[in-house]
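Everything below concerns the one structure shown next.
So that you can tell them apart, the chains are marked A, B, C, D, E and F in the order they are listed, and the count of residues begins at 1 in each.
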Amino acid sequence: MKIGKLAVLLTTLEEEELAPFEKQLEDVDFCLGRAGSMNMQKVISAVETAAKRQQIISEIVYRETHSLYHAILEALEGVTRGQIAIGDMMRTVGLKFAVVRGKPYDRDGEGEWIAVAFYGTIGAPVKGLEHETMGLGINHI
Amino acid sequence: MKIGKLAVLLTTLEEEELAPFEKQLEDVDFCLGRAGSMNMQKVISAVETAAKRQQIISEIVYRETHSLYHAILEALEGVTRGQIAIGDMMRTVGLKFAVVRGKPYDRDGEGEWIAVAFYGTIGAPVKGLEHETMGLGINHI
Amino acid sequence: MKIGKLAVLLTTLEEEELAPFEKQLEDVDFCLGRAGSMNMQKVISAVETAAKRQQIISEIVYRETHSLYHAILEALEGVTRGQIAIGDMMRTVGLKFAVVRGKPYDRDGEGEWIAVAFYGTIGAPVKGLEHETMGLGINHI
Amino acid sequence: MKIGKLAVLLTTLEEEELAPFEKQLEDVDFCLGRAGSMNMQKVISAVETAAKRQQIISEIVYRETHSLYHAILEALEGVTRGQIAIGDMMRTVGLKFAVVRGKPYDRDGEGEWIAVAFYGTIGAPVKGLEHETMGLGINHI
Amino acid sequence: MKIGKLAVLLTTLEEEELAPFEKQLEDVDFCLGRAGSMNMQKVISAVETAAKRQQIISEIVYRETHSLYHAILEALEGVTRGQIAIGDMMRTVGLKFAVVRGKPYDRDGEGEWIAVAFYGTIGAPVKGLEHETMGLGINHI
Amino acid sequence: MKIGKLAVLLTTLEEEELAPFEKQLEDVDFCLGRAGSMNMQKVISAVETAAKRQQIISEIVYRETHSLYHAILEALEGVTRGQIAIGDMMRTVGLKFAVVRGKPYDRDGEGEWIAVAFYGTIGAPVKGLEHETMGLGINHI
């Protein structure tokens, strides 16, 4: 089971386009959300809040927050293409995000992993002056 | 038309899963390929060679090579999550890539843009000791 | 014609020192300006505003804004030497900037390119506690 | 006295263009050289060797090597625009470099500083498929 | 229990200096080693091999390799101070490393974490032309 | 004499654990302090202020500020593991810092060097949701 692919499809596809993948989605836990901001901190916060509220990760276990946080950062590296800091500079993001938790490996002991995907637009804070962007982060949990 | 989304779908979906998107693909030029290596230089080279051979970009116009090169680098930032240099350190990538060229904007003057997507696995050079990874880069051409 | 060299000279030379290069400057479009701030976002904004107001790039064509934005970022990497984010940390910049637009290649099809140069000082926010810095970014437009 | 500006002019100007600056150059120690390679290590080595051979820095005092090394790295950040590692990926540089050593401050105690500038081309390893690039690094010595 | 502090002390202290900390070391699993190279890949490999051979992590469970790998990378960021790629450029490292595995949190559910520390010298490949360097990485396992 | 090791021990050890190293500390100048913030600028400022107030560096000589500033940045790269910019994103640091100034080399001409070490915790702004972190920077002064 490919948790990364599922996270990517959850963010890039429209609801009707997702139909063929519904069966695969039954085997994982996931949540969806939107974040639009010029401020990376708010984007991170939006994902963490959604994942905790929808019980994809536990609110009180630090190792789950730690795992999710690093998966978010990795996904944001894709969104900002290596310049997370610049995320705050003049650029607005309008992003759909998905967090997927599942067991991608058959081997015993590999346990659960988490995938975070973003898809949307990045650009000048003017509608139309922007292009697509996406990112995927994966971590063991 | 979303050239980024199409590039992402071309790399993540199996052939049969791509059927619903065939109509959208008629409006763009694209090529597909595979690159598997521990060496980023070979990955870049594989994409450039494919894009030139299948005439997605012109071999003799530097501005097209320049545009593609930066789109590839941006996509690799997503693949390596901000540490392209580490791409060469102990990690093998097995990647499917897509280059899509089209006109994502309605406005006159915006002209053609190019999207490069990678999807595959990154990890230790041992089968199974790896996880999914992806990246998307977009540039005007 | 070397648009990068011209941008560099426009920022480093005093007006009287520029005299020998006046003829070369006739073949390009350029604008000059100053930006002094502890905030990278304001520096980027100052260049974009100047370039649009003096019609070096079109205000309404996104691909021109996109091209200029990435040329500015590349030049700022030189200014901050790889740590754009740190630009905001305790350091003031006092920068002269130049944007040069021209055709650096003889071959048909290469079209126009843009160069952005910065030159000035970077340092603690106390006069004298600073040293020179510069950066150059180039992109196809 | 601006050691950074002098280093920049030494790399960007032709010999005849440098004439107006000859008097300023009498107040500093400097050396010039060329480095052309796809390998950053060779570029660093070329500058260090030239600076030692022409006695701009002492070969046996580590603090001078340490100071020059960091000034070179900062200048290379400008050349590669934040992605030194990528310097090795598919891109050739053909660079002129200058090392300038002098006393840029009037205050007692500030002592000597060193400036390293690069100017040249970076691009695909095919003549013409390249554009200008430059970088400047400054350090106390 | 502070696994990071223990890893740091294991690499910086001489054997006789470590005596006061022996009791704390009984509560964790750890291994020690040395890596000297101009090549980051060999440094990573030395740590992974030592940690597997001395059974600090399991050789066959990917999530443990994944956790250790990212802890090593984080520690190397400290060693190379943000420029891992430059690790390979002209600089030799002579490093002592420690891997410590333990339970730093009292709360149920936090489970085991891993710390990787490096301490040694980095510099020109000439004895004496080098200075101290260190790094610490921590991850949940 | 190892100024880096002393800086590391000053930040990681409790007062009573430092006793065996008191004699070595007599040969260097050093100061200690604490910085707790979500803002890197405040952390840098806390170290600079402490080092000047306790006369480890001169307040009026720029080259000493310049040297300290770069040593602090290098140490922060270890603390934030290559992503200084992210230091400001959602993460609080509670850090102890030490600045050590001394002569680590026997050779004439090497003169004084400075070491900056940080040790403490980094994590979500909730007590307990954090892990250890440290960093070391060294520069000639």
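A few comments on the model shown:
Assume contacts are C-beta pairs under 8 Å (C-beta built on N, C-alpha and C of every residue); 3 or more make two chains touch, one makes a residue touch a chain.
Everything quoted here is computed from the prediction, not taken from an experiment.
By the document's definition of touch, common neighbours of subunit B and subunit F comprise A, C, D, E. The chain with its CA mean position farthest from that of subunit E is C. Separating the CA-averaged centres of subunit D and subunit F is a span of 30 Å. For the pair subunit E and subunit F, the distance between mean C-alpha positions equals 20 Å.
One inter-chain figure worth recording: subunit A and subunit C are separated by 35 Å, centre to centre, where each centre is the mean of the chain's CA atoms. Annotation for subunit E: residues 62, 66, 73, 82-85, 105, 107, 113, 128, 131 touch two or more other chains. By the touch criterion given at the top, residues 58, 60-63, 66-67, 70, 105, 107, 109-111, 113, 139-140 of subunit B touch subunit C in their complex. Interface of subunit B with subunit D (complex): residues 40-41, 44-45, 48, 62, 65-66, 69, 73, 84-85. Chain contact summary for the complex, subunit B toward subunit E: residues 83-86, 88-90, 123-124, 128-131. Considering their complex, residues 2-5, 8-9, 12, 17, 20, 73-74, 77-78, 81-82, 84, 104-105, 107, 113, 115, 119, 128, 131-138 of subunit E touch subunit F.
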